[in-house]
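Would you mind keeping the following structure in view while I ask a few things?
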Amino acid sequence: MSGTNTTTSSTDWAAIRADFPILRREIDGAPIVYLDSGNTSQKPRQVIEAMDDFLRTGYAPINRSAYRLAGWATDRYEGARAAVARLINAPSADEIVFTKNATESMNLIASSWGGANLREGDAVVLTHMEHHANIVPWQMLAERQGIELRWVPLTEDGQLDLADLDQLLDGAKAFSFTAMSNVLGTITPVAELCRRAHDAGALAIVDACQYVPHNVTDVQVWDADLVAFSSHKMVGPSGIGCLWGRMELLDAMPPFIGGGNMIADVRLDGFTTAPVPAKFEAGTPPIVEAIGLGAAVEYLEGIGMAEIRRHEMDLTRYALDTLTERYGDDIRIHGPDNVEVRGGVLSFEFRDIHPHDVSQVLDERNVCVRAGHHCAKPLMRLLGVNATARASLYLYNDRSDVDALADALDGATDIFGL
Amino acid sequence: MSGTNTTTSSTDWAAIRADFPILRREIDGAPIVYLDSGNTSQKPRQVIEAMDDFLRTGYAPINRSAYRLAGWATDRYEGARAAVARLINAPSADEIVFTKNATESMNLIASSWGGANLREGDAVVLTHMEHHANIVPWQMLAERQGIELRWVPLTEDGQLDLADLDQLLDGAKAFSFTAMSNVLGTITPVAELCRRAHDAGALAIVDACQYVPHNVTDVQVWDADLVAFSSHKMVGPSGIGCLWGRMELLDAMPPFIGGGNMIADVRLDGFTTAPVPAKFEAGTPPIVEAIGLGAAVEYLEGIGMAEIRRHEMDLTRYALDTLTERYGDDIRIHGPDNVEVRGGVLSFEFRDIHPHDVSQVLDERNVCVRAGHHCAKPLMRLLGVNATARASLYLYNDRSDVDALADALDGATDIFGL
Amino acid sequence: MPGLEDLYREIILDHYRTPRNRGELPVPPARHAEGHNPLCGDEITVYLDVDGDGDDAIVSDVKVSGQGCSISQSSASMMSAAVKGKSVGEVRGLVRRFKSMMSIDTDGAEQADADISLGDLEALQGVVKFPVRIKCATLAWNTLTEALASSDPD
Amino acid sequence: MPGLEDLYREIILDHYRTPRNRGELPVPPARHAEGHNPLCGDEITVYLDVDGDGDDAIVSDVKVSGQGCSISQSSASMMSAAVKGKSVGEVRGLVRRFKSMMSIDTDGAEQADADISLGDLEALQGVVKFPVRIKCATLAWNTLTEALASSDPD
């Protein structure tokens, strides 16, 4: 398993930070304080260079041509698949499907698995903290096939309220839930949720978009059925996402996007499909992006996911403490206070200032946070806000970034005079 | 229009070739002769550097966050959309949808437009020279909605046989055809085909994947309704494709992939969609890839599409002549002989040697051609082969590449002794 | 970066803190439209009472509801004050004039409306220096245009 | 690059030019399976007459039809010659042995089958140096495995 035996002291976090060229960029004479990794992460030079080098010396088509350059490119592409499989401990690299992003992965699941297996009246259970990527595809399916959506409620401190879970799961065909909320930071008990889904005879589908980049992921320990995540949130390039699924499931699912590469044969009157994963990778795939993702996985493995998680837990604790100590009741941070069950995502209300204005004021000090609904409008309504400001941490952040955030918040007081 | 008034003499093709770093790579002490651009094209340093630079200094989320870095990135992303619109003379940049590849664009069309507008028994007309990307999505729709597919046949020399077109179009709801065949090189009379589709009350859908990279494209002169193409075939990065459509059409089409960015609002009981193009761009888009595509368009514009077309016509003529002069009846090149109606794609049979073996022998001299069915199995059956070898040219190729191909073919004779 | 004082002018903060014409109007007879800013989650609803027909009809009352940031809320408040009592034709001119100030292309209409006074709204000029906020400033105006275009209530 | 003579051995070209056991067998009683190499469009069908049950059953006849490159065709021809008359158990061992020569992981089965002689098939060893061609060489073998596994014809 990746880096589980690295000891804390061995990691030079300053050197890691230095791997990210953009963090050395200055705007108005001061460096960028990037606190928007929950949105999309920055890339280390190792990833940038792998892509650059491949484009300069190795670019070629995948799976189609027989000359050596094409063979080597295909090997690199498949190597990236193997790297992703290793990262999440998938039993086989062939169970990794490359998509364009986690959103496509979720749509593939809802449309292909859902389309083939759900009938009018069948229920799918979601939670109240889902990202739109794990809501809208099911609503689209509901429009087409009349399925019922059920929602797991939340507790006061932003965890899943599992009191009525068995009831919700009763008769349900699937339970699709996030492993970590992109708004609250809440880490859900994935293995337990998978078990309870299975006990109820439902499929366990995990949106691991916020989880994989920050934690040791083991889909076999989870005993999940289908798992979606994105490269761009885990120091990899944009333009590529992943889907992992158990082979029997993927094998039985109909294709989602049709075209070249996903077929065994095409005749005027119909087509037959290629084996998984090709079946789900129609058209020219994100070739350079896969190479970049492979390099990203190697970069993360080099540090160790357990080590990254420790770093982020430490930093999250520091952030929670610093902001509360400095601003007391003037700041309200959503989600659990216990960093054992939360990642480095801090959504907050600051006094009565609209998050958009908070973000504007922070931006004057180059502090980059997201203000908005974070593609989780149902959760926003539950929280009683239409937006929050959100600072999200990653392996390249350190305490100075948290301090910069805390300092910059003072600016908002000056302007809005509250 | 891009470069229509550049004169032939002004272009330094050697300098252009030098822009492509991979063409300087040597394998076994000799440079690569890349003749597989119909599959995927190589990238100039201008595109590679634009992506590299953006990753090092400008990477940020699109359309979501409000700090300046994110605003600038969004501007660059939208700038790429405007560049693509300019390249094909689209009336508005908002009519350009970024997808993952042309295959997704075609699936979006078939699933969204087709799904909403076609009923059991409705007919869609395709041609016998389509790529699987313009066949399988319609077959998938046929499976779901029972539509009928009709096929325009080909003439002896690999052009569309339009003798019975009106009959085929009679009562059809859409005519979806390629602007240029990826096997035969045939350029189809797109404007005429659009007109005849419209006369019959059918939508005109153009697979312009092989056309846009090599020709002046004007979707308004064509009077097309929906047009699909890919970045990676036009010196741009992998991982991004394009769809252009008339705004009224796109506006009326339901979403294809659901999730973040494509919504106006999401509630537990349903969602409303954002305006086009966001409606069709769910999830984190190919950000870096769009920046690269924008740079690719600028690169092509800098030379001028008309000028590129002239260069390729000249080279195609040279290739047809050289190969026929050298090998006479031993080589059979598919497709039209008139370069006015063919692009630089040369599929051929060489003696009785299997294309895969031809490609192997060529690879020993670093000559990269594709051997296979080129994702056009119905066309292969019509040609009576199960594969061809295919050399495809682009702006960075010159006569030395054609000569290298002709020379290397000799090697096949030595081994197979025919 | 231009100073934040260019953005957060006193008059803007005043409209933000004390928004004019907040509330709803009964529909019908009022027309209304709802606007979203997907970037920040802002939602706004504009209600209009319009008396008469065509460009000469008078916007006799206007109300705005919803939530948003200082820029979108103050812009909505100033918009409401500016359009109340004006004719539909005048309101359209004002919309064009405002959008042109926000440097949004209005097909050269700019010249024709150059003499329309924006009054308090001039304070929003500073937003142009903060391009991501332009959508905040124009949300109310786009929603106003939609409300005007929404089919006659009866 | 390793020389092409490593790939195109004389014995391979011989099997390519004069393929053994070409044709079809009536189904049923024969079992059959169809294989595709999506890379190059090669298609192959393997027909088997199997007498008896289980691992001791005998492959009494085998035919191969389809089109393909020199490597896939010669591999199919050599395969057909090698399996004809062998027991199903022996055939399975041969498949494992061949795949292991093609450096395709067969879960350590390699050792157990190391003593199985490949005969002419050894000539295909050179394919390993041309990784993209491995799929050509194994197409017939994968199709053979499928044909063996295809449900009893009656």
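A, B, C and D are the chain letters, set down in written order, and residue numbers restart from 1 in every chain.
We take it that contacts are C-beta pairs under 8 Å (C-beta built on N, C-alpha and C of every residue); 3 or more make two chains touch, one makes a residue touch a chain.
Predicted, not measured: the structure shown is a model, and the values here were computed from it.
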Each chain counted as touching subunit B and subunit D at once: A
Centre-of-Cα separation between subunit B and subunit A, whole angstrom: 31
Computed distance of Cα centres, subunit D from subunit A, in Å: 44
Subunit C-subunit D separation of Cα centroids, rounded to whole Å: 75
Interchain centroid distance [CA atoms averaged], subunit A/subunit C, Å: 38
Residue list for subunit A, restricted to those that touch at least two other chains: 27, 64, 66-68, 70, 261, 263, 265, 356, 360, 363, 371-372, 377
Where subunit C touches two or more other chains, by residue: 1, 39-40, 43, 133
Chains grouped in pairs wherever the two touch, ordered by label: A-B, A-C, A-D, B-C, B-D
For the subunit C and subunit B complex, residues of the former touching the latter: 1, 36, 38-40, 43, 131-133
Partner subunit A, residues of subunit C touching it in the complex: 1, 4, 7-8, 13, 39-43, 67-73, 130, 133, 136
Residue ranges of subunit B touching subunit A (in the complex, touch as defined): 21-22, 25, 27, 32, 36, 39-40, 42-43, 45, 48, 51-52, 55-61, 64-70, 99-104, 106-107, 131-133, 135-137, 139-140, 143, 149, 151, 230, 232, 237-241, 255, 257-263, 265-268, 270-271, 282-289, 356, 359-360, 362-363, 367-372, 375, 377-378, 381
Subunit C-facing residues of subunit A, complex: 27-28, 354-357, 360-361, 363-364, 371-373, 377, 380, 386-387, 411, 415-416
Of all residues in subunit B, those that touch subunit C in their complex: 63-64, 66-68, 70-71, 74-75, 261, 263-265, 274, 278
